[in-house]
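Common to both upcoming complexes is subunit A, partnered first by subunit B, then by subunit C.
Entry: the complex of A and B
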């Protein structure tokens, strides 16, 4: 239990799946929780387009139905991020990561801008194909070690996790969260409506921080 | 300079998908080169295969309502695991008795050991999986209605 980013303060048991709160995971969890509360209580921004060379400007108005849908997706994304931060099970982590990916697409899918939707479509394709290395990595974890519990992996009694399993897991998280490839997300951020779009960025940052801890186990 | 070129290349979001596909292909190649991966024979939720059983591979054998060992990671967290191993409806029972394979298909839904794993020991997974599905439905239906 030395490399679990601290001694767990509390372990919540869901059968074979443990949820544990270490100093590291609880920090990430609180970050996700705080931002989810912000999303819950805040109204979307109104983007203003200014035409250069003149004094014309337009304010983009977000309809109530669009706002509700995007807020719902942002909250779902926050909940998925929270789950991914504290889960102690490899397969559960991959599920929450996949959920983060699909909610990220959902946050911007409602925007009526062809450019934004095009970027979201490309990102959706990556998120879709990233599930293969993501779940493949989890499957190799199970086959090679015989366990999916992070706490058991951290004890060091199980066989070592193959390098390729860890690499698959990281590649899957990169695809779901687009961690170093923010170009597509930058295009998605043209969508009006902070703080919902910021949730895309925050969630991918959080799952990337968590997967660093996960691959250090075993 | 090289960083500027790389960032210029990936700033076009249409290059992201080929880049990711290339990374996947590269990693799969490395994975093939690193074969064989040692399989650990001590696995969770072991099951026996009996090809002559009409409930194969869900048939764990034994009488109902007796607790069997299902090889969970933390058995103390699932004290009732292994009690409900099969619940065949009369129709499922009929199908499993008259045919060799229909007893385990979706029309029969035998439940049993798979459901034990899903609902008793790995219940959180079972909750998250349909959540992903419903969110995907929500996005698809919103886009369809907005259409």
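Entry: the complex of A and C
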């Protein structure tokens, strides 16, 4: 249990479904928690459009219903990220990652701008197809080792995890909003409303930091 | 077993590659969305290859997440293409609306569902009712159906408490759970049938 990013402080067991806190995961968890609280209490920014060639500028108006929906989605995204940070089960990790993908789309989907809608749709297509390697990877984990528990995998007593399973898992996480597919998300950031949109980036970053730990197991 | 698994995963991966290839060369947004459904099935195929109870337990959340993403995407597609303005008004097929066939088919499904009981039975019976309501353009006060659904849900929960605290009465709890879930799923699915279109709201 040495390569589990530190010795777990606490393991909460529900049978197979376990949650554990190591120095690494608790840091990520607290980051997600803090940012979710920020989202909960903050008001959205009002994006400023400046007309070139003059002094004129306008601020975009965000309706209350739109703000409520986006805030709800941002909080849901924070909760899903927190779940992905502390879970000790590979399949739960993939489910939380997929949930982060959905909520990322949801955060910007309420915006009525056609550019944003289109970008959210294209990103949604990528995120949805990324669930294939994501769930596939988790299933190969289970098939090869007979266990989905990260604690069991970290003990080293199980058969080695095939490389393809790890590759699938990372590919799935990348598809849910990391580097090469980030281009689709960048266009979504035309959506006004700073704290909510930043939740998209933060959740992807946290998930990626966690998957590095996950693939180092077993 | 390992040999069979290897062959199986090879077949699924080939299917996945074909599906992703189709996705890559398709340019129409709606077609790509429909192809995604096919792509998604290969993920379920990989999970199903485990061939154990665990696979069954993993397919359900996998499927649910996939469907949730598809629903979200379809909503975005509708908003994006501005097709929210013309709502669907049920299946206006004259032949189905007048013939006796929908009645007979849905009665068969309901009876068969009641015999099956449980979650599957509820699904089958509900499908029968959905088909009937959709073909007849039936309008009903939804509150009553919702109440029936709630009561059967409570029955199901009661059965679970019985299992936990009074295990010696397991048989009555089993019956309550089976009846509760069959009613619950049936009613929920028939609500889907009546909510088709914009009849009551």
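The rule is simple: the second predicted complex is superposed on the first by the 215 of 218 C-alpha atoms of A that agree within 3 Å, B and C clash if a C-alpha of one lies under 4 Å from a C-alpha of the other, contacts with A are read in each partner's own complex, and residues count from 1 in each chain.
Heads up, the rule we're going with is that a residue touches a chain if its C-beta (ideal position, glycine included) is under 8 Å from a C-beta of that chain, and two chains touch if they have at least 3 such contacts.
What you see is a predicted model; the values in this text were computed from it and never measured.
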More subunit A residues in contact [subunit B versus subunit C]: B
Subunit B versus subunit C as contact partner of A:132, first or second or both or neither: both
Subunit B versus subunit C as contact partner of A:49, first or second or both or neither: neither
Which of subunit B and subunit C A:98 touches, first, second, both or neither: both
Which superposed partner A:143 touches (first subunit B, second subunit C, both, neither): both
Touching partner for A:159 - first (subunit B), second (subunit C), both, neither: first
Subunit B versus subunit C as contact partner of A:114, first or second or both or neither: second
Those residues of subunit A which subunit B touches in one complex and subunit C touches in the other: 91, 95, 98-99, 102, 105-106, 109, 112, 118, 125, 129, 132, 140, 142-143
Touch list for subunit C against partner subunit A, complex: 5, 9, 16, 20, 23, 29, 32-33, 36, 39-40, 42-44, 46-47, 49-50, 54-55, 58, 61-62, 65-66, 68-70, 72-73, 75-77, 79-80
Interface residues, subunit A side, partner subunit C - complex: 91, 95, 98-99, 101-102, 105-106, 109, 112, 114, 117-118, 120-121, 124-125, 127-129, 131-132, 134-136, 138-140, 142-143
Residue numbers on subunit A that touch subunit B, as the complex places them: 13-19, 69, 72-73, 76, 83, 87, 89, 91-92, 95-96, 98-99, 102-103, 105-106, 109-110, 112, 118-119, 122-123, 125-126, 129-130, 132-133, 140, 142-149, 152, 158-159, 162-165, 167-168, 171, 174-175, 178, 181, 183-184, 186-187
Interface residues, subunit B side, partner subunit A - complex: 7, 10-14, 16-17, 19-21, 23-24, 27, 30-31, 34, 37-44, 72-74, 77-78, 81, 120-125, 128-129, 131-132, 135-136, 138-139, 142-143, 146
